[in-house]
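Several structures are given next for inspection.
The two complexes that follow have subunit A in common; it is paired with subunit B in the first and with subunit C in the second.
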Partner chain A sequence: MAVTATVSTTTPRSFIWLEKIANNFLLRRLVKAFFTIWIVTTLTFFIVRAMPGNAVDILIQDLTAAGMSADDARNQAASLLSINLNQPAHEQYLEYLANMVRGDFGKSYKSRGLKVADMIAAVLPWTLFSVGLSLLITFLLGVGLGALMAYKRDTWIDHLLSNLAATLDAVSPYLIGLLAILTLSVTWKIVPIQETRGALSPGIQPEFSLEFFADVFMHVKMLLLVYVLSSVGSWMLRMKSNTVSVLGEDYVTVAKARGLPDTRILTAYVGRNATLPLFTLLAISIGYVVGGSILLERLFTYRGVGFLLGDAIASRDYPVMQGVFLIMTVAVVFANLLADYLYGWLDPRIRISGGGQ
Partner chain B sequence: MNALLETGARTWRETRKTFKILSRNKMGLLGFIGVIVIVFLSFGGPFIWPPETSANIADINQGISDRHWLGTDFQGQDNLRKVINGGKDIVTIAFLTGIIATLIAVTVGSFSAFIGGRVDSVLMELVNIWLTIPKFPLLAVLATVLKLNDIVTLSILIAMLDWPGLSRQVRSQVLSLKRRDYIEAATMLDLGAPHIVFREILPNMMSFIAISMIFTMTHAIYQQTGLVFLGIVPYSSANWGVMISAAERRAVLYNPQATWSILAPMGAIVLFQLALVSFARSLDEVFNPRLRTSV
Partner chain C sequence: MQPTLSVQNLSIEYQARRGRVQAIRNVSFEVHRGEALALIGESGSGKTTLGLGIVQLLPSTAKITQGKALYRRDTLTLDALTLQGKALREFRWKECAMVFQSALNALNPVLRIADQFGDTAKAHGYLQGRALQERAEQLLRMVRLDPERVWKSFPHELSGGMRQRVLIALGLLLEPQLLILDEPTTALDILTQRNIMDVLKELRAKLDFALIFISHDLSLAAELADRVATVYAGKIVEIADVATTFQDPHHPYTIGLINAVPTLRGAKEDLTSIPGSPPDLIELPPGCKFHPRCPLADYRCREQEPELEPIKPGHAVACWQWRSARAAMEKFRS
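This part shows the complex of A and B:
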């Protein structure tokens, strides 16, 4: 219905294709995505450059205090932040935008001379690996347990799992992390915490060998456990409520009446429809894979993107903060775009009505 | 005079009725009592048990005993006393953030739903954009630049980041309520927008608003403790978040004898949060007569 409604009868023929472009689902989402990124980029520019007591002034002060002359300090600050301080504000802003588009986030001023983009690239694989793997485990576990809860609803196993999921969902990941260290490492001494610090043991080279993978796993296991524990609750509860509502649908009753085998109803009828909305969530969660968790990576000293951001915040390293924050936002925005598109692709009902509101 | 008495008696009846309904739901009542006890202890407790000012070298990192019910910390100070003295900031930030974020969300959400049309779609598009920005990193960066040192500013900042999700829910609630028969009747009677909003629509959303506010509050607690852990919010006051990170920083976490100095503030946070959430769940019954199982 919505498809026909977009082509109004009074529009001249030549404008129809223009309108079609304007109403194109993907194009509109793309425009929105870039608009969001632009807003965030502008926001960070103002946070770093234009706020009272802003980063640039503080950096210049720090450099002067360290014994530099006022002019030298200004030049040094300008080169570190990739900003030309002698230009008027709007030209600085345009140059800043151009730099960001080129992926030039300036240089860190804690680790002098290191480019922010290189610093991010060095830690990114560890975060992608740890959060990505935990997301996969969480998704599978959440879908499985959620479906189990729905099938066994109002039995002891449903009550047990529902309460567990609600509690895990309510307690913050940071507290779960602390509890994991307290129980597993300190009280029961199962996992020696010193061993798991960092992403790799010194001397281990990234190569395709058992030794390398064992070492990677040893360092990531605690973080992985906490990621899974802290997010599996909400997936379980969502999957349960989705499955329960699908189980009440007429087509499931009809399928049962037709005498279809239970496994077929479970997979083709209930499972597919109940997990459908979860795929959108999964796509959105992929955006957060890039950022990781500042708090958890710091708690377990796992050197990923979140750790880098936490470090930059602790040492007021503004170019790094700015770069990491922008990368995180871009990832989330494009994951949202992917989610919108994926949902239209997976669910034909949405696609036909134009994917609008 | 008579009218005043009448109002007083009605308020008293209403309050008693509310408590009666509340007491029917055991978990909800427990949560309610929990919240009240924590608020009273946090604000009144420091007068009865003032904070210790000096370190006790003899009692460092002790476990639980008769003298120290929750053990002692790395300075030999009593953990229970520290927990009682450390609640004020957390409770204040939670309530302030909850109230501010809910006010903004209800205003924007109902305004957007009522005006409709282009204003509505622009507002919601902006809300959607605001929702995609990663919140905690932005909060951390903003808090660093702003050099926060008072709890009111911190509450406002957390609220500014937390309202958009709620405002979208408020909007859809208002949109669905707008189509109910009794609202249409009120519109036809020409009772005016303020009457319709405050007497007809908002009362019907109270449970929803209260629950969302409580969830915003628990969120604010976690964000505040997270900021303390990152070392962004100053250590000036000894609240639960500061207690946890101070213990963490002194590697108390890895000292089995000292685990109580982390467990105590952590337990306080979790208890406060669980009390809030179970109270929120029961509020639904208080505000929504149709959900009451038996009257």
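This part shows the complex of A and C:
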């Protein structure tokens, strides 16, 4: 009897360790994140190759049309693009994975010889800057106006802002972009359209000077405006509905009964509880900061990641597409991870159930 | 001695889609220091509305159409219904604390109990830091909570009964002269309810505030109150000290309520509930609002509404038939 009792109650030390690792919240989430990234990378590899008219075929066709024999054209294309077409698909796949892990996304098919990683690195800062800044502005604006709408609900301010938000939310960003150009640049001529092309004017060097920042702002302002206009509506409406429901909570009435000052109720009682779910959304949105918008960056000729991806798709530049997709995936997956952690950190109710077990 | 609160001819209406809800109709009563007044009545009779009215926390659809709520402390007298801005904010909780019906969600979920005490103290320029904590711990022990366990907790880490007691302790923090408890035990299980009632009785013995105890449960009122006001359709229909209410009630509704209370010893057949349901507060019946359910109603009851009239010192009834009501009701039961 005594023997069986000891056996069943004391687990070997190593076992407890394993259990601890398996139960570790962060570790579990990390494993899940990497798994997601691997799946997406793999799918990208196969989907890209299953699509008709790939760049290699096009290059081979071009070369044959120029009078080369089929075999010569194949070899020439392979060496130009530094891929091994004779390898079976699964070996190509393994090599591709190994390269990806090393951060080597290969070379661009179109801009021959240019490394994909370098191409992305060159445009990424502009997209991070423009989308990141607009996200920040949108969030602050949305939270502020949403709370205002809730506090003033059923007054003319609320009706005006709600309708505006719903309209902005419904209209496509591209249309807002076109309208912005039509009104600001064409009709009223406030913002000359050619002035905003590119991310920087020629001859301006990135440095810590007023001239540089002024130029950066001049180029980004239209894009920023359209980003903000096209997404602020949904933030406003979300914040309004959150605030309205928090205002109906008992703890807000009790806070008033406790004689707390209005400012304290607005910030720590209403504001904090109403913005809690929005922080998750904000964190998730950060994942999309690296992508930018293909349509809008093209519309304003802003050379960011979206612009690069648009070009790559148009010319079937698979390595570039793969590279962009991969960094977007990584960003989105980690932003989600961040969102989970942020929420758990901000909301004590989750803090217990999420972290503890 | 001057009463701590004297409510005079108070009427409150809600503007609903179907019309005006007459939730409180011409109500007057007084509570003195150290006294507990129970407001009892079926749900929907307007008890919560009355409490919310006194601290001016009625929803925007509600309107106080007449009346006063005079609050007195020492030489200070003010009408709680006309307070505004800073004066109103200071009146709330420091002079009059109201613990709400649905206390489970009464504490901000993202703040620790310590911070909720801190907020309340700070808003009224009360103790801070170490001194506040000591005072709060003393109060928490008074409501039979372990301060160690509670002080740094978030509301969701506490059970319903614990949260209710935290709220009661918080209500006592600023030593208000008037405490309104709106159904403080309704959402809780029977054992927790017992516990809260014991806590409240202890507090009453130790402290010296005026208490308005709102409940639909007569047996709880019997335990805690010195006087009982029976509310029916937004009006006080009988008010008397607790012994009189239970032994010598004169309003058929009060009599019916008391008969409806199951006693441990009483046989099951004794339990007579009042037939029918409370009236629609939008389209009130003419005459006495209780007449459609009253076995004693006659032509006068159907046409004229009786006002609350004193029948003995400290005992008032609003019923045309109060002289014969007790005997007649006995007859109807058998």
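Definition applied: the second predicted complex is superposed on the first by the 299 of 357 C-alpha atoms of A that agree within 3 Å, B and C clash if a C-alpha of one lies under 4 Å from a C-alpha of the other, contacts with A are read in each partner's own complex, and residues count from 1 in each chain.
As a working rule, contacts are C-beta pairs under 8 Å (C-beta built on N, C-alpha and C of every residue); 3 or more make two chains touch, one makes a residue touch a chain.
All values derive from a computational prediction rather than experimental measurement.
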| item | value |
| --- | --- |
| Joint occupancy of subunit A by subunit B and subunit C, clash or fit | fit |
| Subunit C, subunit A and subunit B - angle at the middle CA centre, rounded to the nearest 10 degrees | 80 |
| More subunit A residues in contact [subunit B versus subunit C] | B |
| Which superposed partner A:Ala268 touches (first subunit B, second subunit C, both, neither) | second |
| Partner chain(s) touched by A:Val186 [first = subunit B, second = subunit C, both, neither] | first |
| Contacts of A:Leu276 with subunit B and subunit C, given as first, second, both or neither | second |
| Partner chain(s) touched by A:Ala255 [first = subunit B, second = subunit C, both, neither] | second |
| Subunit B versus subunit C as contact partner of A:Leu94, first or second or both or neither | neither |
| Which of subunit B and subunit C A:Leu18 touches, first, second, both or neither | neither |
| Subunit C versus subunit B - closest C-alpha approach in the superposed model, Å | 11 |
| Common interface positions of subunit A, toward subunit B and toward subunit C | none |
| Subunit A residues touching subunit C - in the complex, by the definition given at the top | 249-251, 253-261, 264, 268-269, 272-273, 276, 346-349, 352 |
| Touch list for subunit A against partner subunit B, complex | 32, 35-36, 39-40, 44, 47-48, 51, 53-55, 170-172, 174-175, 178-179, 181-182, 185-187, 193, 288, 291, 294-295, 298-299, 309-310, 313-314, 316, 321-322, 324-325, 328-329, 332-333, 336 |
| In the complex, subunit B residues that touch subunit A | 125, 128-129, 132-134, 136-138, 140-142, 144-147, 218, 222, 225-226, 229-232, 244, 248, 253-256, 259, 262-263, 266, 269-270, 273-274, 277 |
| In the complex with subunit A, residue positions of subunit C that touch it | 55, 57, 89-94, 97-98, 100, 102-112, 119-120, 123-124, 154, 156-157, 167, 170 |
